[in-house]
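A single structure is presented below for examination.
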């Protein structure tokens, strides 16, 4: 019954006729080792998760580009990379950014990461979240999922954010907003969800309360200054699975979860099947669309067609047994015909 | 101290050197009467609120088009109209859709409409919201603002929505989703926030509980079948200001608030100054941008420049005394340089 | 349709055969003037609201005691007074503390005061609550009602409390807890709900942000240091009805709502009928019980019989159309017969 | 670092000089086997958890009564039993109902059970809670803890309750209330928290959706009709640890978690240390009080002294670094001296 997301992805892709190879790797080095291995298969379709395949192909294996029809990219951070490539005129095949689909980021990032981050922290620590000061670093879709769930479990939530519009949303959502250097002193639990690097640094960790818990639920294990923490720690003790205590020379102890890798994947079981289904369905339909239209699609980033999103959302509503309202013809006309006035 | 949004808008616009004429009108007919009057001034900049000016100019006063440099449009529904015009190739001047700015729709629509709808209902009825079944028709930014606040006041919220992705978000937000024909039987309070017409019809109202409250917080007073209600009612009693009871032949009484006009504007005091400031600031800066770039802007819908949004959001954060995190150079590079991998 | 709680109370009491006199008074002095007036009627049943009648009878009009069968007391603060009297052996007739009934304090204090406090603040200020720092002074049933609703409207809530157990509940409810002297510097809005005096003093108000809003939703207008504020203010301006700005010599302006009287009663419309019905029903049935058992009830504080609470709660559930579960005989036996083990 | 509640309890008790024996047992039969074994030690102090020791002593081992000084009882259900015994005049030694202490039931039952129930369900199923219909059977302190957290995780919560006052609170908390026979058809997840037996029966389970999850977080494994489920199932499959699927002849599959034992203890790790500390501290101080006052305490149920609760709550606030407000002498006088009026 335990659904293995990767198996599901593979089986969906097999259904559309592809030979499938997968890249696994819990940390950055292992991951890139496997990327190199899988590229030896000379892929024609690149189903990317973090842009590791696409950047490696473009950086180091231009000889593979002739075989590649195109691909998809499923994470926020990966889509950012692909768009940067496109902006630089470097992207050499069409990519559908699955993450940009509402049926992906509004659900997987928010409800999926929201839940599995809480789940990972509970399994790794069995701490009481109610009454804790819970710092969420990054208020994108993942970050607001985590913030929403942390508050739902009774935590007092602080948000750290670099984007002024998102920071302002956090304020108006009733949360406390401050820079990381100040949040470092207040938090009991810290979760990074930025897709950036060096978000929680050793300087921050030196200021934290004794026993502060630090976890990552964003992109790679470089969001937290794990290497510096390891170097500086005077004593390292594994307290529980996925929970290692680092005693710093300044005297405080930092509890790092899952070595800074994604806590919801490492200490819990990643996204529940009920969100992965939407993400994979969106991705599979985008691939089908890619293959069907390969001849006419230029290199670059292409939006997921809205009818794919609607098809996935409708199928999911059916699964929930939820019926929605329908527009009458008159209402459709009212929404589209500007000549009738408003 | 009571800030008059229109005065603020006018004064901001005066500051940038414009002669200002305004259109007021609580219902559709009055409004369009005033539109005709103000168009006599031969406007050069059209600051629209619902697309009434722009559609009227294009439909009935093409002679004015030569004078118009361009304009802005501030509501969701108005932006939809303008985009329909652009899609039809009919739009003849550049328009900045203020509503599309994050600094407008994420704040004004959500937090502003959310609060003033609750406020309007309380002033018009003094009902206890806790324990009530509160039906929100439309789960756009306004609708989710209303749903969030209704739940925050203790109501049990039902959402009616036509878009499958939005409906699914409502489900995953823990709300109950159903079509209007079924919601009609369950609700104690109904609020329309769709920008469409005939959303709550006389057929729905006949099915409602005795004493059901019906209000609009969307676009015009045509979201609710007010005319049919008036025609069919056997007895009409004004219970309180902005709260009129209509007794239907089937025996139930419907309490219509503010005659179906925007309940937060009619029964309460519209948006608080703390959200209007952001909307007006965004609009004023968009107008400044329009005037500065008039020569080079083609007819059509143009996005609000991101730096305008950031400037407004930063000013607002300053007003709250909130300091945010800043990206280091290394972090900026990590976010933009795809060559370093991910 | 606007229900006058006092009229309802009077009519209920008339239904049980009593001649009814009522005491009104928005501030403490007026109130006590009316108390003296009503005592001239030589009451036989004392339906008290804040213990003003009972304390005045015992303090100043012992000659009335022979006529009094007993009474009820409806507020938290009044019940505290009556219990202090009983503890001192001073209470000379039986009193049923309506406020102690679950059907009163769990509903009226929490959901009623919670909503009407928000309502009063909105009508008096039209401020945006989302994003505001909202200080609730007192975390009893009224205070947690106010805190719950302030959070539900998007505020960031700080609680000030003297009782360690209640303070700890506030912490575990995810709220921020601190003493008033520190909260004074952080709040945008302050609401007192303590039943005590001098809870927000002029010393606190001198420290507040410019434009801070101060309101009372607890007991009398002595929770806030209103007199000191008036004395010290250099300039006093009525900004809106129920919203007066006091400019202090230190430079900041304090916006006092409703002159420190109950903001939900003065600036809004007191409790909605949907909670007053429960309170009055509980009170009326307690009076019926008092009269029926007058001969055998000693002086002192008597609990409201549990079957009165159940009767009121069941009637209310019926009004909501809500059906609840029933215990089987076997389940009742399991709950009461300890001999079967557990 | 993983704190074993039983070890903590034992060590606290050892600190106050007692020889300690403990009773363990995951299901009812094992538990009572161990009760018999531990009673052979002829206990002098009975630290009970569910009233199993006290009822067994009184039912079957009256010869032990002469040795027993008194005891404590820590669960809601156990306290109910002890009070039933006292009401029947059967209780033969003094018992302090730890559960009645605010420092126990307001924290342990609500925040502890609330969190560990969610944790147990996630570990046993990895289901997405957002969007699920989550039925909480029982709205006592445990039940409202579970309901609060389920809603906090995005579920749509239905409450089943037999007490009209509690049912009405659930309604005003914005939740849906209905009898179990109807809830059975709507729920995706069912959690019993009643302390009663046969709360979810085989008749209910036959009506449930295919794939419905059933768990207990109340008292013993008799809240759910587990035996009937086992008898009637045509096929039984262990899907995951603590998650067994029973296929019923009517065609639907029921996923029973932890065989109906406490899901938060069996599938997760019971209460976090941050709530057990309060419960054990309250219990230890009650025992100290019992021993110190043994000579003068009659048989019966005795309230935990308020100063014990305050001491525990203050120590806990200190641990959180939270400072609270203090009453001035004048304020204390105002609260206690009824002669000054109100």
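Structural remarks
Each chain gets a letter, A, B, C and D, in the order it is written, and its residues are counted from 1.
Note that in this section a contact is a pair of C-beta atoms (placed from the backbone, for glycine too) under 8 Å apart; a residue touches a chain by one contact, two chains touch by 3 or more.
Computed from a prediction, not measured in an experiment: that's the story for all the values here.
By the document's definition of touch, common neighbours of chain A and chain C comprise B, D.
Comparing mean CA positions across the assembly, the chain most remote from chain C is A.
Computed from the mean C-alpha positions, the centre of chain B lies at a distance of 37 Å from the centre of chain C.
Put simply, the C-alpha centre of chain A and that of chain B have 32 angstrom between them.
Along chain B, residues 111, 130-131, 151, 154, 171-172, 320 each make contact with two or more other chains. The touching residues of chain A, counted against chain D in their complex, run 1-2, 111-112, 114-115, 118-119, 122-123, 126-131, 148-149, 151-154, 239-240, 243, 245, 268-269, 272-275, 320.
Against chain A, the residues of chain C that register as touching in their complex are 130-131, 151, 154-157, 171-176.
By the touch rule above, chain D contacts chain C in their complex via residues 32, 50-52, 55-56, 59, 77-78, 80-82, 84-85, 88, 90, 102-103, 106-107, 111, 137, 160-165, 167-169, 171-172, 177-180, 182, 195-199, 219-220, 309-310, 313-314, 316-317, 320, 322-328, 330-331, 334-339, 341-342.
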